[in-house]
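These are the structures, in structure tokens.
Presented sequentially are two complexes of subunit A, the first with subunit B as partner and the second with subunit C.
And then the complex of A and B:
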């Protein structure tokens, strides 16, 4: 008997359920207020700026279901960073090309004297080239992260681009260590000569002698070189710190912190690349005799007189003729 | 030139140090972003949660009579005499 009553109750329940379900479904369209706050996603997201749920695993950040700031961050690294990078890098290249074809190479006006003076010792050149080589690898592998998808992927194809990007990312991580070491050494090695002073103001007022045939006086580093020094120290520190935060995700950072680190890393890096293009230009094809300073460690005496006259006086007072060495090709024939 | 070559050598040495340093500190994604705290307990059941009154009875399957296949097919909601009510609660 109990079994029969149980079955009757079941079938009655099923019928009642379907009757109610049909009635409720029929009323649905009119029961939802389309103007309610709950149906406006934007208003909903603004209630707490994020929607967070509950979880049982220790990874607390996984409880965040919606993170509206992520959309702004995506907009930044998919759109804005591309524009900032393209304008900075291509803009700098355009300026340098225009400058080269209008001004040309800055020559040693009084010609080469044939006498060289030591400008950078072996350790300074070692540190410079270590940092510079690392920077080039980091810049190329870093630009690949931002622009590789648009520029290289169509050329290389998915397989080759994937292999290249994987190798580039590993190189980016590992090369960061000698680069950071180089930035620290550069900071310690040249800080004394890169403190701004009154001579720098005069150097800037006279445009650094870039235009025309002016040669404003300068100590070992002129104002332009000091600017490069501080860009390297401050910019290098910024990309190193933000890069290591990205390399160790969520070690002391939140989701917002990681996004901020990526924004700082991306923006500073592309501006850094643009600034270094200027540095590479003036150190190679932009100025006669400049590359020798880092290539061989010496510069021509007349180059030093024209570009670093105050430094030359200091060197003469300190070392005198022992610092000078005559080039074999400049020795008068007997 | 010698300074440049030495610089390249230093990059390789310090970079290799970075390789071992990161290898020692970093974890593969599959390890870093999972936890052994999330495991399915095969003995867990909804019954004590839904019916706290009988929580002490827990859902020990041995206490409940095994339903026959025809009982599942024909939705037999009957409860054998002497069986705990917890056995009839839906999961």
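And then the complex of A and C:
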């Protein structure tokens, strides 16, 4: 009897097991999809525009495996920067050439007095020329990075062009240090004379006297020179900061940061070059008696009267005739 | 001519890093440089995937476009290579590359970069195929010997595929159809402007 009960219990339990087992099986999906919660490339790119994970090599930068925004930077570097640079530099050159042939050199209208007045001391001139020399080297080596492959590469051939570009890269990196020092010194040295004031509005209203024979009054630096000063200080700071970010990769930047730094560096630099072309023009062939201010450090009294009348009054009031030195050997221009 | 591509089937990658090791060994890659690396996304979470990534040898490669000395060239097999004799180590290819492939041995002062180094698809460089100087500068030239890149050749799960783009795309498609899922051909849309429908 016990035997029969045992058998019945066994069969019942087997039936119960199968009933439950089928019920449980019905609840489970027919096949397992291990991809259901997997990451997908397209989804990650849409969310962050970059894909990053964890790796096992020490180089943590390599944990970013995809960042397509390099394509926008490429578009900037290969298309936009070429246009901005070409328009800024060639445009400025064209304007200067047209201006030179229409207006010609701005003469000292009342002729040279033969009396010279000190305008920039030796230290000021040293800082100016140190910065200027650095700037020219930096500008040429920098323009080479953007335009060299289109202009110089076909002329020099790959091997010579590469050797020149390598030397230019090293020059660009090392010369940046004295240039940055120069910008800092210029900032400190001439800040006092370069705070915009009321006279500048008048100067700008009269177009700096650039057209016709007008001579708006100005202190030591007129509004145009102040503009150059601030272009050097602000532009110089921008190119120095962005340049050092590129020179020291991954110190406080990511790839996106370096792309941005390069954009700032490139745009500011070509505009800087254009502005300096204007500065070089007016300081040399554009105006009689201007170059000697930075050359010998002195200017003719009549030049000072015409271009920096208020500064001359200040100097006279401060230093009196001792500031003025008669130089009999100074030959008139004509 | 074939159009050589890489394809990493992330659903098969087990993050063993053998491709990384094989690449370093086969090409005698300089210290501190990894031409290939394996990165795990969502590590430790459900649905994590590992991807082996190197230079993808892009169509219309951004590195080549931005290079200031035009030192890049694309071989008849679609492999993007560069000349270390012409490279000036400016770093521009690194800004442009979507895959972080270009790397620079650190030489000299501050962050000064040496000649760029990247995956060559085991195709050497502009020097004579199989020459000692080619090996020294760029590593192995397996393609010239009729072999595929070692990273993919020795992949234990056949996750990393190398070879003609059409053929490896078909292999991947067949896999996706058979197993019923696939997380995508990583990097293909960015590198080749096409993807494999899954």
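Just so we're on the same page, the second predicted complex is superposed on the first by the 281 of 334 C-alpha atoms of A that agree within 3 Å, B and C clash if a C-alpha of one lies under 4 Å from a C-alpha of the other, contacts with A are read in each partner's own complex, and residues count from 1 in each chain.
Operating definition for what follows: contacts are C-beta pairs under 8 Å (C-beta built on N, C-alpha and C of every residue); 3 or more make two chains touch, one makes a residue touch a chain.
All figures in this text were calculated on a predicted structure; none of them were measured in a lab.
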Open item on the list: For A:159 in the superposed arrangement: first (subunit B), second (subunit C), both or neither?
Closed with: second
TODO: Tell me which partner A:169 touches in the superposition: subunit B (first), subunit C (second), both or neither.
DONE: second
Open item on the list: Tell me the contact category for A:57 with respect to subunit B and subunit C: first, second, both or neither.
Closed with: both
Task: Touching partner for A:252 - first (subunit B), second (subunit C), both, neither - done: neither
Open item on the list: Let me test your reading of the model: by the given contact rule, A:134 touches which partner, first (subunit B), second (subunit C), both or neither?
Closed with: first
Open item on the list: Going by the contact rule stated at the top, is it subunit B or subunit C that touches a larger number of residues on subunit A?
Closed with: C
Open item on the list: With both complexes superposed on chain A, which partner does A:125 reach: first (subunit B), second (subunit C), both or neither?
Closed with: first
Open item on the list: Contacts for A:177 in the overlay, against subunit B (first) and subunit C (second): which applies, first, second, both or neither?
Closed with: first
Open item on the list: According to the stated criteria, A:212 is in contact with first (subunit B), second (subunit C), both, or neither; which is it?
Closed with: neither
Open item on the list: Just to be sure I follow: which residues of subunit A are touched by subunit B in one complex and then by subunit C in the other one?
Closed with: 56-57, 59, 173, 247-248
Task: In the complex with subunit B, residue positions of subunit A that touch it - done: 2-3, 6-7, 9-10, 56-59, 122, 125-130, 133-134, 173-178, 181, 247-248, 295, 297
- [ ] Using the touch rule from the top, collect the residues of subunit B that touch subunit A in their complex.
- [x] 1-4, 6-8, 10-11, 14-19, 21-22, 25-26, 33, 35, 37-38, 75-78
Open item on the list: So in the complex, the part of subunit C that touches subunit A is made up of which residues?
Closed with: 10-11, 15, 17, 20, 32, 34, 37-43, 46-51, 53, 62, 65-71, 83, 85-92, 94-100, 109-113, 180-187, 189-190, 195
Open item on the list: Touching residues of subunit A toward subunit C in the complex: what are they?
Closed with: 31, 33-42, 44-45, 51-57, 59, 61-68, 70-71, 73-74, 77-78, 144-146, 148-149, 153, 158-159, 161-162, 165-166, 169, 173, 246-251, 255, 258-259, 262
